[in-house]
Structures are given as structure tokens and as C-alpha cells.
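Look at the two complexes coming up: subunit A is in both, with subunit B in one and subunit C in the other.
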Partner chain A sequence: MMSDPVVHRVAAATPPRLAHRIRGLSDRTIAWLFVAPTIFLLLAVNIFPLIWTIRLSLTNFRTNRPNNEVEFVGIENYRRILTDEDTWTSLQATAHFLIWTILLQVLIGFALAYLINKKFRGNDLWTTLIVLPMMLSPAVVGNFWTFLYQPQIGLFNYFVQFLTGADPASFSMIGEVRLAPWSIVIVDTWMWTPFVMLICLAGLRSIPASLYEAAECDRASKWRQFWTITIPMALPFLMLAVLFRGIENFKMFDLVVQLTGGGPGSTTLLTSIDLKREAFEKWRTGYASAYAVILFVTVFGLASIYVKALNKVKDR
Partner chain B sequence: MSSYSITEPSVRQKWIAGILVVGYAILTLIPLIWIIATGFKTPSDAIAYPPKVLFSPSLEGYVNLFTSRTRLAPEDLAALGEPTTWYDRIVRGYDMVITGPSRYGERFMNSVVIGFGSTFLSVFLGTIAAYAFSRFKVPLKDDLLFFILSTRMMPPIAVAIPIFLMYRELGLNDTQLGMILLYTAVNLSLSVWLLKGFIDEIPVEYEEAALIDGYTRFQAFYKVVLPQAATGIASTAIFCLIFAWNEYAFAALLTSGTAQTAPPFIPTIIGAGGKDWPAVAAGATLFLVPIMVFTILLRKHLLRGITFGAVRK
Partner chain C sequence: MSNFINGLLRLRRGPWEMVATILIACGVVMLMQPFAMVLFTYSFLVTLVGTVMFIIVSHFPE
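Right, the complex of A and B next:
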């Protein structure tokens, strides 16, 4: 807590006229003074780069050849990206990743929230322990999962052998075209299910007990109560969780780049990883900028449509 | 509430729910326990088949994490005489000597400086901006707030290209200051939104009373509002710190030598003849355990904050 002496000391250390001016600032001035640094920093680090990206996207600029003449190429970069087979391959990989992670996380997350909401003893401690994976650095954890996924010696493969009897040396989760897309789905689900769970839990806790009591009086079965009270009331929260996971996983980079690096081949080459290769390995800056703009517009567009739908559900 | 409610789950239901949740929790914690355990294994124990649950603990991983070593010919080793310290002895076991400290300490310190620096800045700027948005008529308020939020939808890689070019011009590439400013900007959106929610909850009447008592706006802000918002500010700070601590994409692209943080460094740790998993696990343990302890100790505020940030609006 700020106490009197500090104020006096600050006041004493400030020249009287300046002190008077600071104390006498109008609300309007203070409002601007308080908001300006935030707006300035966001303009400098977010909006200015975005405008620069759009400008670069219309040129053939390459960062590794600063002396080349920069030519204005119009929408050529955009045309090339949208007609490139590889773009669609990486969008497919992203779609597979998005659909399965969201599906699994919503199912498991909701189920866990439903169970935790039964308020058994010690549920808050166990909730915290379940939340731990999502608090940790995805890159560091993702890197360690490559160890768990090792054929023969990996703990995951051993676990699969324990469950199914399959030879742990006979398959490699991150090395095989068939399995790699699932390896990233598993780790992302492990890491981010708790997030969906917490939002669902907030949703379930917001349902007034009186609704269930009324249903109980009307002799509605538990099954019916679940479908006519629990699900509709929790739906806006579920949709919100889907929105957040959707945006986050569309941007997904750190976890997957450490797990598979986009391989084998381009089976797990999510758009962010593809973009990173174009921008920082092939150094096709103009092309990559156009790619970035397309991705941003896609996320923004999808999110806006989705938010509209979400608001409709909320208003019901 | 009455002591008995018809909607209260039965004892049997509680037991079933409890067993399922605890089962999931144990399953989900195994990878984390495995990281910590692997840090205390010898390299040969770490890659044993079947995976070793019981093993005699060793500090080899930690020694390898903090030192760089080189292999010597047996006659050179013999010329050196007996090892003097316990870590020398471990290294000698592999016909090696310690040549100096590794980079891990520096990387870890970079993470600390950049994490705390950016947290302080984003909470400071976020608090005053949130106060202004909450209490004053700011022109285009809703547009500005939405603009602040929308900056979070950008994929980091998309912004990284021009930031990379901009930082190169300004000499901010691979500096702690550059990373602090960047993480501050990324965290600001979250910080403004969270804090605006906390400050909105403080009744305006408190400040009005203070203003009538002859306080200036500034005094009213830091003597009345700040203490009231302390819990909110603290939990916002934790979120900002966790983000900055864990961030990888910007760190991997914009830092390489001097300002590199731990997340891009830890995966690059290698030993003689392949990946030194105990050293990697030791590095990961030291990096992850503080956050785990934090989460468990501060669970009340943290868990509320996660849902609060997402559910409001």
C-alpha cells in the first residue's frame, strides 16, 4: 500500500511549480497521459509492422539480398501463394490439427469439468495438478516429448506396448508419415485440455442451482436435465473455449516445431512453420509477407464470423 | 443454502468422479515426473529398455548442463593427477575434463531479466491505461479496446518479419531491451483487458470521496485505487510473467547470441555422440519447476484469472 510519507517525499523532491502542474492536471490530460504509452507501443510493435508487412507483400524484397533492387510486383505474391500446391498441403495439415485437437479437448475438457463439478473432496488441488501442463513452456516440453516418443526406449511407446502389446521398437510416432499428425494432436491435447476444462468449469458453476431444483420438482430425469439445462447453459462457454483454442492453434508454432519440425516430409507442416521457412530460411521476404497477410485475414475473418454466432447463442 | 439439497451429488457419484479425475491427473503428470526423474539419471539409465522407474540418482545431468567438457587421451588424464571435486570425479569417469561453464546460466539469467522486465512494464502501462479506460471518457474507447485485443490474433511469425527488419535498423536485434519491449507489447493487450475488469469492480464512490476530501486525481489513483486493485495487479503480473517466461517463437527468431532466453537454448543441448537427455531434462527441470510451484501456491488467483480473462466480454 502506498502510504503518506512516499507522497510527501515525492512532493518534496519535485520543484514546487512542476508539482503544482502535475497535481493540477485535468482529467482529460491524465486520461491521455495514461493511455498514450500503451497505444504508442502497440502502434510501434503491432500496427506499424503490420502495415510494413502489407507493403513488403507487394514487392519481391529478400532480406538476405539487401542490395538487390526492390521491385513492386503487385498481387503477384498473393497469386502465387493461392495457386501453390504446398500452401494447400499445409492448410490441410493445419485443418487436421485444428479439428482433432479441438474435438478431443472439448470432449475431455468438458467431461473433466463435469466430474470436478461434483465437488468431491480435494477437487481444487487435483484441478491445479491437471492444469500444470498448460502453464509450461511449449517449446521445452515439446522438445522433451520427442524423447518420450523414441522408438524402443521412449516411455510413450512402452506405454502403448503395455496397453496393446505392440512392439515398442516397431513404430515411431514422430518419424512416420502415418503417425506424425497424431503425435502433435496428442501432445497439444495433453497440454491444452486443462484450458477448455477451466472454461467449462466456470460455465458449469454459473448455472443456478434453482434450475435443477425446479427440474427435480418436475421429475425430469437426470439425463433430460443434462441435455435441457447443463448443455444449453454451458454452450456459450464451450464455444468461447473453441474460439480461443482455434485462434491459438491456427497460430501454433513452438510446440510443433520442436516436436516434428514440420516433418516427416510435410505431414505436420502447419502454416506457421511453413511461413517461418519461407521468411527465415528461404528469406523470400515479400512472398512470406503476403503469406502472413493471408493468414492474418483468415484468422480475423473466421474469428469475426464465429464471434457473431457466439453472441447469438449468448443472447438466446 | 440448506444442509441438504436435492441437487447435491450423492456420495457414490462423488467417489466415481473423484477416482476418474485423480486417474486423469496422474496420467497427465507422468510426462512431467519423467522430466524431473530423467534429470537425475545417468545417460545409460535414461535410454535403458524397459524404461527405468527405479534407478540410483546421479547428478551427472546437472554437471553436464552447467559445464562444457572435453575428452582427453588417457596419458594426459593421468598427468593431471587425482580429481579434486565431486563434479570433476563424475566427468573423469568419461575420460573428460571440465573446460569451463556452459551457456545455460547466461540463458537462464536472460529469461529472468527479460521476463521480469517486461512483466513490470506491461503491468505498469496496463494499469494506468486500464484506469483511464475505466474512469474517463476516452474518445473512440470501444474501438481502441477492440484494437488492443485484436493485436493478439496475429501469428507471431507474421509480425516477426518486419520486427526483425525494424530491430536490425534500430540495433535492437539480439538485445535484452528489444525483447523486453516486444514482450511488453504482446502482453499489454491481456494486461489492459484483465486490469480494466478488476478496476471496473472498484466502486467509483471511493475516489469521489477522496476527491472531495481534497485529493488530486493522481493521489486518488495511487492511494485509493491501486491498493484496491492490488490482487488484480498481482494475478495479471503472474500471467504476463508466465507468457514471457515460456515464449519461444520471437526468442528463436530475434535472439541468437547475447540475449537468447532458455526456451530456444534448452533443445539445443547436446552431449558427446547425440542428445544428452539427462542434461536436457535437468535444464528443463530448473526452468519448469518454478512455474509449477508458482501455479500450485497461487492456484486461487491463477485459475480465476484464466477463466476471467476468457469469459468476460
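Right, the complex of A and C next:
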């Protein structure tokens, strides 16, 4: 055994009093001693705030009025949220953002990974250049895209003019109700496609070359190899990418606040922005807690079934 | 279909997880759909039932 000398050295280095005390403990107790700090941290950082939020969601507590009497209101906060047209609109905006960003990021990210996976001159340089947007701060990205989207001076509008011939001053990506939801989709896709690409690239590089060689021997076409080898083998990685991006985009905040601030009107008011306004601008803490619990249950439920599906794909 | 119902009656994990999954998926769709307010109103209840059911039935035998 390679580890024996190490074990003996550690045992010899343990102070005699401590060693004597530990010798009296069972393996189970020692295991609990090692795990206890993690469990304590988990309880303090995750479980306690969750239980506290659920408790607050059943009250009319307001953080800016700590001396007011806190009343138990039952499920009133939940009833108000789930009958509120504005909350419904906000969730629809979130759904639009989620669906389109994930779809575009997966398609473009996988296509880029497929290309980068091929051997060609300057491969590493291209990989570095593609990954650059992901390394920027979302606040910075939001700020400079507001300039790119400016109707008079923004490069984006001139790029659209180059492609379609439309007058650059005739439309405003972040100022028009029709275009604003797409403006945040474009920026998030630009920023996070490299992340999906990296995950897909890891998946593609994990496929053994022998599978393709066997397929070549069987005279399988490139198209068939793609659908019967590449896609099934890369699918768990693709699903992981969707899970990560789905969870991240469900709580998207900084990028959209910098870019549109939730406007025009409430067309880009995602749930996280709406929630922040309820909690820290209107100071309706109980109401905001109920809102947070609703979002938590939704994400938790989705993540549960997604992880189950992911495990099934991995076992296949 | 009879296998599915038998599984439900004998408290087996597979079919019950399927029911919980369908409930969660319906709840999320109801929450974010733009068509009927009444679906939005009951979405949380459906998702919550599905999620709690999923946690419980994942401890059922295979």
C-alpha cells in the first residue's frame, strides 16, 4: 500500500493527547466531526435563509419599517402575486428571454465547438478570441452595448443597415417595445455562447476517434456519423450547458439592468428585476419573499426533472 | 398502460416520478404562458404539488 507510510507519518505527527482522545471515538463519530462544519455552513447559508424567507412570505413585514407590528397574512401574498397582471407579464418576458437565449446559445455554441474541434491553422487563437466576451463583466457589457445600440452613433444599427438597407436612425433596439426583448437576447447570446461552446467542445473532444474510424470502415456518411455518434455522445454535455444557462438566465439581472433597466415600459422587466424592485424599492419584504419562494419552487422543480433526464442520458 | 397503473398502485418510483414530472412541466408552462390568467393563478400550486411529489416518490423502490 502506497498510503501506509503517509498514514504512519500522520499518526506519528498527531500530538499524544489528541491521539488518545481520537482513539476513543468511533469511525462514525470521526466522520461526523469532519462533515459537521460543512453541514453547519450549509444550514447557516442555505437552509436557514430559505426557512426564514418562507416564514416572511406569510407575513406583511416591511424591512424599512422594522418597528411596525408584523401580522401573519397566510397565503395572501401568494394570492396577490398569482393574480397580478404585471407579475404575469414579467414572467412572460422571462420566458421569452429564456427560450430564445438557450436556443440560440446551444445552436451557435455547438456549431462553433464543432468547427473549433477541427484541426486548422490558428485554432488556439480563434478559441481565445471567441471566449473573450465571456470574460467581461456583465455590467460593462451592458454599458457598451447601450452605445452599440444607439440609433445615431451605434455600430449595431449601421451593421443592420449594411445587411438590410434600413436607415440606422429609423429604429432603436432598446427604445422600442417590439425590439427591446430581442436586444437583451442578442447581448446575452453574444456574451454566453462561448461558455456553451466550451462545454460542447469538452463533449466533442471526449468522443473516441475509434468510433469514427469504425463508422468510416462501415462506409457511414459524415451526416450519419454526426447524428449517430457526435450528437448522442455530446448530448449529456449539451444538456449540462442548457441546465447551467437556464438557471443563470432565470436569475439574469445585471446585464439587463445596465442595458434597458427593464424598459421600455415593462417589456424587458425580468422576474429578478421585478423581485428586486418589490424588495428594495417598494420595500414589500413579505410580498417579495413570496415571489422568491414561487421562483425557487419553479427552478427547483425544473432542475429536479432535468437532472433526472441528464442521468438517464448518461446511463444510456 | 396497465404496467403504468400497476406501478402507481404498487407505489413504484418510475410511474410516480413520471406523474410528478408531468405536473412540474405543466406548472412551469402554466406560469409562463401568455394565454389565460387562470392558468397562471394555479401554476404555483401545480408546480409545488409536483415538486413535493417528486421529492417523496424519489424514495420509493424501483
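Just so we're on the same page, the second predicted complex is superposed on the first by the 270 of 316 C-alpha atoms of A that agree within 3 Å, B and C clash if a C-alpha of one lies under 4 Å from a C-alpha of the other, contacts with A are read in each partner's own complex, and residues count from 1 in each chain.
Keep this in mind: a contact is a pair of C-beta atoms (placed from the backbone, for glycine too) under 8 Å apart; a residue touches a chain by one contact, two chains touch by 3 or more.
Fair warning: this is a prediction, and the values are worked out from it, not measured in the lab.
In the superposition on chain A, contact is made by A:300 with both subunit B and subunit C.
Of the two partner chains placed by the overlay, only subunit C lies in contact with A:78; subunit B stays clear of it. In the superposition on chain A, A:88 makes contact with subunit C only, not with subunit B. Applying the stated contact rule after C-alpha superposition, one finds that A:227 touches neither subunit B nor subunit C. Between subunit B and subunit C, more residues of subunit A are touched by B.
In the overlay built on the shared chain, the residue A:308 is in contact with subunit C alone; subunit B does not reach it.
Counting contacts as defined above, subunit A residues 300 meet subunit B in one complex and subunit C in the other.
Those residues of subunit A whose C-beta lies close enough to touch subunit B in the complex are 1-2, 7, 22-25, 27-28, 30-35, 37-39, 41-42, 44-50, 52-53, 56, 63, 108, 112, 115-116, 118-133, 135-141, 143-145, 147-148, 150, 152-155, 158, 168, 190, 195, 198-199, 201-203, 209, 212-213, 216, 237, 240-241, 244, 247, 250-251, 253-254, 258, 271-272, 275-276, 279-280, 285, 288-289, 292-293, 295-296, 299-300, 303.
Remark: subunit B residues 5-7, 9, 13-15, 17-18, 20-22, 24-25, 28-32, 34-35, 38, 47-51, 125-126, 128-129, 131-133, 136-138, 144, 147-148, 150-166, 181-182, 184-186, 188-189, 192, 216-219, 222-223, 226-227, 230, 242, 245-246, 248-249, 252-253, 262-264, 266-267, 275, 277, 280-281, 284, 287-288, 291-292, 294-296, 299, 302-303, 306-307, 310-311 touch subunit A in the complex.
Per the touch definition, subunit A reaches subunit C in the complex via residues 78, 82-83, 85, 88, 91-92, 94-95, 294, 297-298, 300-302, 304-305, 308. Across the complex, subunit A is touched by residues 17, 20-21, 24-25, 27-28, 31-34, 37, 40-44, 47-48, 50-51, 54-55 of subunit C.
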